[in-house]
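So that you can tell them apart, the chains are marked A, B, C and D in the order they are listed, and the count of residues begins at 1 in each.
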Amino acid sequence: MEQRILLTECSDATGLIAKVTGVCFKYSYNIVHQDQFASEDKRFFMRTVLEGDFNAAGAGNFLQEVKSLLPPDAVVRLNDGHRRRLAVLVTKEAHVLGDILIKAYSGALNADIVMVAGNYDTLSDLSRRFDVPFHLVSHEGISREEQEERMLRLLDDVNADYIVLAKYMRILSPQMVAHFPLGKLINIHHSFLPAFIGARPYQQAYDRGVKIIGATAHFVTDNLDEGPIIEQDVIKVNHRYTAETMAKAGRDVERLVLMRALTKVLDDKVFIHGNKTVVF
Amino acid sequence: MEQRILLTECSDATGLIAKVTGVCFKYSYNIVHQDQFASEDKRFFMRTVLEGDFNAAGAGNFLQEVKSLLPPDAVVRLNDGHRRRLAVLVTKEAHVLGDILIKAYSGALNADIVMVAGNYDTLSDLSRRFDVPFHLVSHEGISREEQEERMLRLLDDVNADYIVLAKYMRILSPQMVAHFPLGKLINIHHSFLPAFIGARPYQQAYDRGVKIIGATAHFVTDNLDEGPIIEQDVIKVNHRYTAETMAKAGRDVERLVLMRALTKVLDDKVFIHGNKTVVF
Amino acid sequence: MEQRILLTECSDATGLIAKVTGVCFKYSYNIVHQDQFASEDKRFFMRTVLEGDFNAAGAGNFLQEVKSLLPPDAVVRLNDGHRRRLAVLVTKEAHVLGDILIKAYSGALNADIVMVAGNYDTLSDLSRRFDVPFHLVSHEGISREEQEERMLRLLDDVNADYIVLAKYMRILSPQMVAHFPLGKLINIHHSFLPAFIGARPYQQAYDRGVKIIGATAHFVTDNLDEGPIIEQDVIKVNHRYTAETMAKAGRDVERLVLMRALTKVLDDKVFIHGNKTVVF
Amino acid sequence: MEQRILLTECSDATGLIAKVTGVCFKYSYNIVHQDQFASEDKRFFMRTVLEGDFNAAGAGNFLQEVKSLLPPDAVVRLNDGHRRRLAVLVTKEAHVLGDILIKAYSGALNADIVMVAGNYDTLSDLSRRFDVPFHLVSHEGISREEQEERMLRLLDDVNADYIVLAKYMRILSPQMVAHFPLGKLINIHHSFLPAFIGARPYQQAYDRGVKIIGATAHFVTDNLDEGPIIEQDVIKVNHRYTAETMAKAGRDVERLVLMRALTKVLDDKVFIHGNKTVVF
């Protein structure tokens, strides 16, 4: 018995659950788990974990039949269970990449790291210790456009499902962002957004004298640090913290938040809804 | 348009969601929200928030039809939306009762406090400030049986839906527990059970030198502090805490945990499953 | 044996602890607890809990001697242990005031509530249930200046040590703020500042799609929501929350954060340092 | 200017802080930070971070002079700032060791990992990727005594300051524990002790139906899971968790709790006090 995940999204209406689960029942697909949500603006989202025999013909017919019963704006996907491919962009900090590599190494990440690329060479050694190809795409001596083009060529080559900005300290140009569909670029920002957007959030937090600091994993959009938030968490700080010790303390929450977000995305639990997310 | 909550519980089987939601659709009951869970031991639980026109006849037929499609061991209830009645048992500590009274007073509790009873008179003044009848049922000079009988008479008179032990520092006899169906008596214990069962948990926590203390809300069973857990939470402590300051610090988590548990119960989100709970 | 708290603040220098504790030893004042902090900008703060016989003459000489050994910019205070007086300003929401009243009633607050004043009459009944005088200072039909003047007259009359804005939904004018020394006005803001400054923070949080919401207790300054932060905390939310249910869920964290801040202030644990706080 | 940490422990008495800080002042050692604690059973602990010129002769005289002013049972140590050596014992799970190796690799751990030893070979590859020697000390086919003797020989050879049991799933014999001074062996246990002592704590947690699970870092003593607790933390779980998914979710809290405990120990912030700890 195979497991597949059915993702349904459409205008809200009466009977949607009955219709979809009715087709599942007809095809003898057992529902292991189901979650659904209707937003205030009348959009319906559903994630259904199915168990059954998904031969190609049957699954195609099943999807057809589900679609035929839903509103015309429905988007229905059946996760084919292929192993996802991740590309990771970094600068110099090791903690987020290190966590991803260790998780992937120990089988705790449901994906393969197909490439690490950085604008500095700092993390090439760490990547290679885990047999992951590292590419240096320096920004020095070339234009931003040129650096991004080189990066894009690498990214296109590896055909990644998701691109993770694991403390990649470069602001992506609108052109680079537009190169990918929304939902493919995932960033970890080192503050509880929308507080401390932009550069040096720990310095901003120190200057403001906050008693909590945090991290935010979000999909990347054109607007810096304004994309749909997937996951956030915080830790407590006090007057004894400097901007530097805040940054040090924040590393744990950064890597945990990114990893939780990534796990949710890889489990097909995240829908994008306008500038927000539905995370089942 | 009225809202009702349908609670379904039965042996797990294929097609349960399709069957129940199919009947909902047939009766034009819109599903506002639905949650379901199938346990490892193959028990199925579902909570469905419905919106529609629930005239008595229609609702009865609806329930009949749902039941007819489910396994014979199915238990199906349709919350009739009546306002719940709470009785609260106390001893001397004001913080949990105070929280319940304030929440009820300000309309934040979806229930009425119909009675407070205590084995000391300490909290009668507080109860009366909120116009809630207080009954003193002292344990002094009489047998445990006699004290419990008096308490039971009071409780039977008020016809409460739930009885909340809000730091009631008496151990209930098996006879008293057996007087009520499982799920009616809710207790707040001042430790993160199963650590520190029994008397003086903060002293036990202090003696052991733990770095976190907590509170546990649970349904009451025959076995002291062993009933199904509804909600737990903890706070951090350190070497500077004495048993007394732990107790003081623990008050906030005690009242919050009880209130969260109570809110879940009043929202019909809690199923009892053996000695555990399913909390949607 | 009496307990007193010595608060020392001055430019940082070598030997400050030795000097102050030396004088304590000379006067046979036992140090029960001591905390100190030297900021990055070289300001020294120390809180010393002393135990001893504090007759008026001895305590005066002691303070003199401590001062004589410290840099000329030193501010040294010896808490005289008088019971603090709190005035509470409110609008319509009961949860923060309710918590303060219950804590004061049950002896868990080391202060007296001498007055509640509100720009609506909503909470007069609740205040009176706890025998606390309530004053209606409506803003309707009069100018902001006039309303504030009436409020100030009331506040001056009661001679409060601290004025707590317990969800007082009026923005204080610079004139009103300037009427009090910095550190006397304490506000609870319903967001994790500096996110969502200003009006309707829960609506802002909902619109942004954050996964955590919070509350901030801070001293009030001229700049709206920009004063020194005393305490912050957060709770998790998700896509199922509306602005309304966020507001409801946020009530617990609002009252807890304010109460923690207030307790710290009443325990003389809070120093103001520029636009930040040192909270021992 | 060098930094050193002075650790003082003795019977409580009046004037201890004045005496110690007086000597610091005399030797021109600036106090960067100081923390002290007097327990209910009248034991005094103090940690003082000093800045100054610590030539060998001066430091020796300084220590002599401090001791001469304290009660005869005083234990006074001046951390000489040498880089600590850690040995890590493991079985098969990679997450705790992986975290230690990454932290050490990226310079975030103030110590060197001099050896990893395991009763299975599973983690030899991971250790070698970070150039850390791995020793297999299998328990198969030999007696427990023999296995422990081999382990002890290895541990004695590397002269480690601390031995970290990073999910080493063997119960140490009293003989092996007695081989080391209390405070040298640090274990991470996968429950919030004292709940779920012994084997399979996640299965125990699942069976009990708790809503929080946790981890505990503690010094190892003769009594299984009963040693002085250094650090604890918890995460929330619910009815959807199985024993297996609890174990998976618990990995993050296990590695974080151990790392926090280890960091505190390496920063000389932990005193052992009977069966408890003082953690500054």
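Throughout what follows, a residue touches a chain if its C-beta (ideal position, glycine included) is under 8 Å from a C-beta of that chain, and two chains touch if they have at least 3 such contacts.
Since the model is a prediction, treat every value here as computed from it, not as a measurement.
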Which of A-C and C-D has more C-beta pairs touching across its chains: A-C
Centre-to-centre distance between chain D and chain C (centres being mean Cα positions), rounded to whole Å: 38
Chain A-chain C separation of Cα centroids, rounded to whole Å: 41
Multi-partner residues of chain C (at least 2 other chains): none
Chain contact topology (line, ring, star, complete or other): complete
Chain A partner contacts - residues on chain B that touch it in the complex: 14-15, 17-19, 21-22, 24-25, 28, 30-36, 38
Residues of chain D defined as touching chain B within the complex: 37, 39-40, 192-196, 208-212, 214, 228-234, 238-240, 242, 273, 275-279
Touching residues on chain D, where the partner in the complex is chain A: 94-95, 98-99, 102, 105-106, 108, 126, 129-130, 248, 251-252, 256, 259
